[in-house]
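Structures incoming, each one as structure tokens.
Here subunit A shows up in two complexes: once beside subunit B, once beside subunit C.
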Partner chain A sequence: MISRPKSYLFTLLLTAGLGYPAVAQDVPEGLQEDQCVVCHTDLEALPENFVFDNVHMRPRMSCAGCHGGDRTTDDEEIAHAGDFVGVPTAEAIPSFCGSCHSDINYMRQFQPSASTDQVSQYFTSAHGQALRQGDENVATCISCHTSHATLPASDGRSSVHPFNVPDMCNGCHGDAALMAEYGFRTNQYGDFVESVHGTALLERQDIGAPACNDCHGNHGAMPPGIQSIENVCGMCHVNNAEFFESTPMAVAFAEEGLHACEECHGIHDVAKTFDDMVGVGDESVCTMCHDEGDRGYEVADSIHAQLVMLKSVQDSAQVLLERVQNIGMDDVEISYSLRDANESLIQARTAVHSFEPEKTGELTDKGVESARAAMAMANEEIEGFRFRRFGFGIATLFITVLTVALFFKIREIESSRAS
Partner chain B sequence: MELPRSQRLFAWLDERFNLSPLIDFMKKKEVPIHRHTIWYYMGGVSLFLFLIQLFTGILLLLYYQPGEASAYDSIRFIMNKVPFGWLFRSIHSWGANLFVLFIFVHMFSTFFTRAYRKPRELTWVTGFVLLVLAMAFGFSGYLLPWNELAFFATKVGTDIAGVLPVVGDAIKLVLRGGEDVTGATLTRFYAFHIALIPAIFTVFLGLHLLFVQRQGMHEPESVAGLPPERKKMIPFFPNFLLRDIFAWLIVLNVLLFLSVFFPWELGVEADPLAPAPSGIRPEWYFMFMFQTLKFIPPHVLGIEGEVLGVLAFSVAGLAWLLVPFWEIREKDSDRLKPMALIGFLALAFIIVMTIVGYLV
Partner chain C sequence: MAESRRKFLNILIGGGIVGWLASVLYPVVSFLKPPALPEANVSALKVGPVADFAAGSSRIVKFGRTPVLLVRLDSGDFRAFAATCTHLDCTVQYRTDKKDIWCACHNGIYDLMGRNVSGPPPRPLEQFVATEIEGEIVVSRLEA
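On to the complex of A and B.
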């Protein structure tokens, strides 16, 4: 088998000998006959941000696949004649890309299950609608996917990989001058990176955490409306949304024109929740609307008390568990029980969105029961440990007495024998 | 006048088995008392520890379930659910270590007091075989809890056995019950640990004890040369036996202390697909060999280092077994005592390499 550098040299010599145009050394295999690639590489006239790994750089597609022209000739005039498009305008880009991506018969050659509705979705988005109205500053396909470094979203180098999406969107939405034209704020990215979602995605590299497109949509990007915001959050936080939707609070929110979820948790700056968010303390979000004396105030107070109670018993059980582990006693059943308590706490925190103390109380009572069972087992283990030491003390005492008695018996036998 | 019941029973037995000469022998049996007498107890302590291993081992057998899926959980069950299971498992593990330790002490005390000399050559040979079998007990028992450390240590240990020329691969295959350490190895080691090794051990232990009882205790040269009136002797029954029991009680107390305050850990369950953890090491009594093999260069004089190491240990072990038959005799006037020097070097080598093994 000929190695790659050797094969290039071989091809170069062979084609030169036959009178064919020379092939650039750094053109990947399969594209060496493509004269667009060969000439633009030789002339160092490849587009900015061009990468050969680009998904479109494959035989029978490459440059001419999008830009038209004749890829078989090295004659510039002939190559750039006919259906040659050159650089499309922003307005033309959706149909430029859509000529392939909206054609299922063409796309299924590469991805049998490919969706081909990107362009139609795009024109439902705020970006697409503005473009239709002649605004060429809005994002088009290449704004997100790039023009010549288009890589699959699963590729870590891709601009649309989940880890890169916030930064990519911020390219425009963080541009104060550009956004000023639309009257948009530019703090979304800053809020997001500090949020529970942003830290999970960008710091902990949790691919399951949401990026911009998970809430706003991909090609049909739109800010969620008042009615749809709980559905957006509910895509992941299913139980929370279900609880909320069935409460009178959901109706009241809609009547008041308040955004569900967002009013308590924020938008892009969604912080990690904590038990004191409920209740009537300084950090409570309930007291933003409810005052002392009203029903909501009482409900918030009692739910908070239930959560605090469970957390406190769970913490005590955790301390005992660590003690059991430190002394090397059996911790298996205790851990299981404590896990049950923790599960109840998570369920109770979710059930907070029902705003029913009976519902949350049922779960916290169950959790308290599990945590107390764990404490009882831990105390039994600690007691067992003490018993072992006590038992050892008794055994040692017995053995020592026996040893001393034996010592005197031996002396007695040996002295009587000597005398 | 009618004899008491016990005497009637003895007379009944004596009539049938002629026990009187045996009793007379026991009555007359004496043990010399001198400044080296303490070493006489080491064999007795080793025997006592063996009996403890036997007793606790049988208790563990009641609950232990060999098998890849059940071994670890059954030990966990023994430690957490069986009343006093934690104690018996811990005593069995600590006892195994003390057992090997006391056999080593017993062997070196025998070596340095020249107790292996005629007529006790076979007592030495059977004793050395018992040491090897005790180490085999340890090696096979180490895997039985099926934890991560034991799994990988067994892998390394059987790999080492496999480097022996000609027979290495066959030995490895027999030990593992296949190409790799698997559940088949576990059941095989279980069979070795509870049936094969105990059976062989019992035979050699019986011979060893028989020789000791028949030939009596060895007297070191400094004592043997003394006139009879200057020698101090005590009867074996009951004086020496009581002294033996005295030592056993102390060892039992130490064993209980270790088992209660430093319970033997179970570790993490073995996962044959997981990468080997760091810090894989064999039991301490294999450490000096393990560490030496690590120090030998990959190739020495065209021979693979590991092969050379294993061969060297095999030859050294064989030489140690046959010490009574090639001993270098020195004169009393010789300042250099070659056998004492050999013994000292062997002991120093074992201690130093073991310490290095734990420090490196």
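On to the complex of A and C.
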């Protein structure tokens, strides 16, 4: 139970958080009998960032559902007496939220399939473990979900909507002063927004792209370890992970304590891949470990050559396809064939993670064959166009000759009539 | 002189008429002869008699420029989706054993409603309509 001075302090804190210009008539239907809502709206003393759409603002839940007290009276002292809790301490928050969210019988009234292990997961996380050790600066439930603007993750306004998660995590992880206490870097967000994942999620608004929680977990957030990183990436990049796992390289990486995917692709700054990442050129990641003369160097060089070969034939076929399209000839079958070539290229790029030139070569050969078939069809169409153009020229010539001849014939007939 | 000029003119006129007829008739004959390939912009595509599709089977048909995956479910119902994976445009396929739609490029998986359920695909497959008309299956675009 909270002491009276603390209760006044709470009221003061609430009034200090002015800024929500709500008035009595703003109280939504269903909450008009709820005296906590009515008084705090009248007094314009709703908490900062409070929204009425908050999932907890429903009859028999609302403020008293979390803070306790008596929602039926407008007497401030009575309302704030009994089991009233003002501002819970960080340490108390998981059990505060867990009193409902860990109770399956209670939660299934709202969501029959609701999971109720968030609090137990939380205490396995880096945040939860630090909180257990008395660190009250770490994230608790409200750090991510907010106190009074708690919305479903599917709601674009929610702090935990995928588009908002990176910014939300960066609220703490981008705070240099706070992170300095833990010896953590603060460049994760900057790296992420520039990465292929960040660009897809934040610029293209592609909900399928990962946010922080997709790799680190939600309530049980932890940095992925050496053992798990390829499984984490493998949740989406399934084939790449499977290929890699079956190679001797996976064993060597584990022995050396190297993070599988991360060593070549980076962590938060994962860039869009390109063919020159493989091979022995300046931009190759293979040469970070392999030197001229070793088997890995040769493998990298030959896989790169295969990819470059297919890409170059594919590009030539693409140029011809564009010509066919420009001259208005039939491009359907050419497009299908080129599509097959592109598919082979995509599969070969994935098969790079097998580090077997035989495997990648099989795919690139198939792709080259499709691209060459596309080129042959395109050339046939271009030839057909030339034939039509030539035919049109000949037809025009015939018509011109016919017109001129008719002109002279008419003149001849007229002159023979005159004579 | 006049005789040879007349003869020359007659040859020119005759040749001109033959050439003109050829240039008119060639496109007419080409038009009447069915083209080797179907027209690119199709609104509906007849893909064959219902009896040709066993339950639990699938076929990729060319709907103009779009490959369409036609699946006959075990229940006998037909479903059709654009066979283009929403990740990187590879062609997806129906897996009879696993009862799902799969993209071999990156192991993307869709359910039999075309919804992306695992792997990298960010969106569901575009839906098409497969209708039985007088014993034939006709695939058409889903009206907005």
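Everything that follows uses one rule, which is that the second predicted complex is superposed on the first by the 396 of 419 C-alpha atoms of A that agree within 3 Å, B and C clash if a C-alpha of one lies under 4 Å from a C-alpha of the other, contacts with A are read in each partner's own complex, and residues count from 1 in each chain.
As a working rule, contacts are C-beta pairs under 8 Å (C-beta built on N, C-alpha and C of every residue); 3 or more make two chains touch, one makes a residue touch a chain.
None of the values given here were measured: they were computed from a predicted structure.
When the shared chain is aligned, no partner comes close enough to touch A:D135: not subunit B, not subunit C.
Once chain A of one complex is fitted onto chain A of the other, the partner contacts of A:L406 extend to both subunit B and subunit C.
Contacts of A:V332 after superposition: both subunit B and subunit C are touched. Looking at the shared chain after the overlay, A:A395 reaches both subunit B and subunit C.
In the superposition on chain A, contact is made by A:R417 with subunit B only, not with subunit C. In the superposition on chain A, the chain among subunit B and subunit C reaching more residues of subunit A is C.
Contact with neither subunit B nor subunit C is seen for A:D155 once the two complexes are overlaid on the shared chain. When the two structures are aligned on the shared chain, A:D365 is found in touch with neither subunit B nor subunit C. Taken together, the two complexes place residues 330, 332, 391-392, 395, 399, 402-403, 406, 409 of subunit A in contact with subunit B and also with subunit C.
Within the complex formed with subunit A, the subunit C residues making contact are 5-6, 9-10, 12-13, 15-20, 22-23, 26, 35, 37-38, 40, 62, 64-65, 67, 88-91, 104-107, 116, 118-123.
The touching residues of subunit B, counted against subunit A in their complex, run 76, 79-80, 86-87, 234-235, 238-239, 242-243, 245-246, 249-250, 252-253, 256-257, 260-261, 263, 265.
By the touch criterion stated above, subunit A contacts subunit C in their complex at residues 200, 206-209, 236-240, 242, 330-333, 335-336, 339, 342-343, 346-347, 350, 391-392, 394-395, 397-399, 401-406, 408-409, 412.
Of all residues in subunit A, only 328, 330, 332, 388-389, 391-392, 395-396, 399-400, 402-403, 406-407, 409-410, 413-414, 417 touch subunit B in the complex they form.
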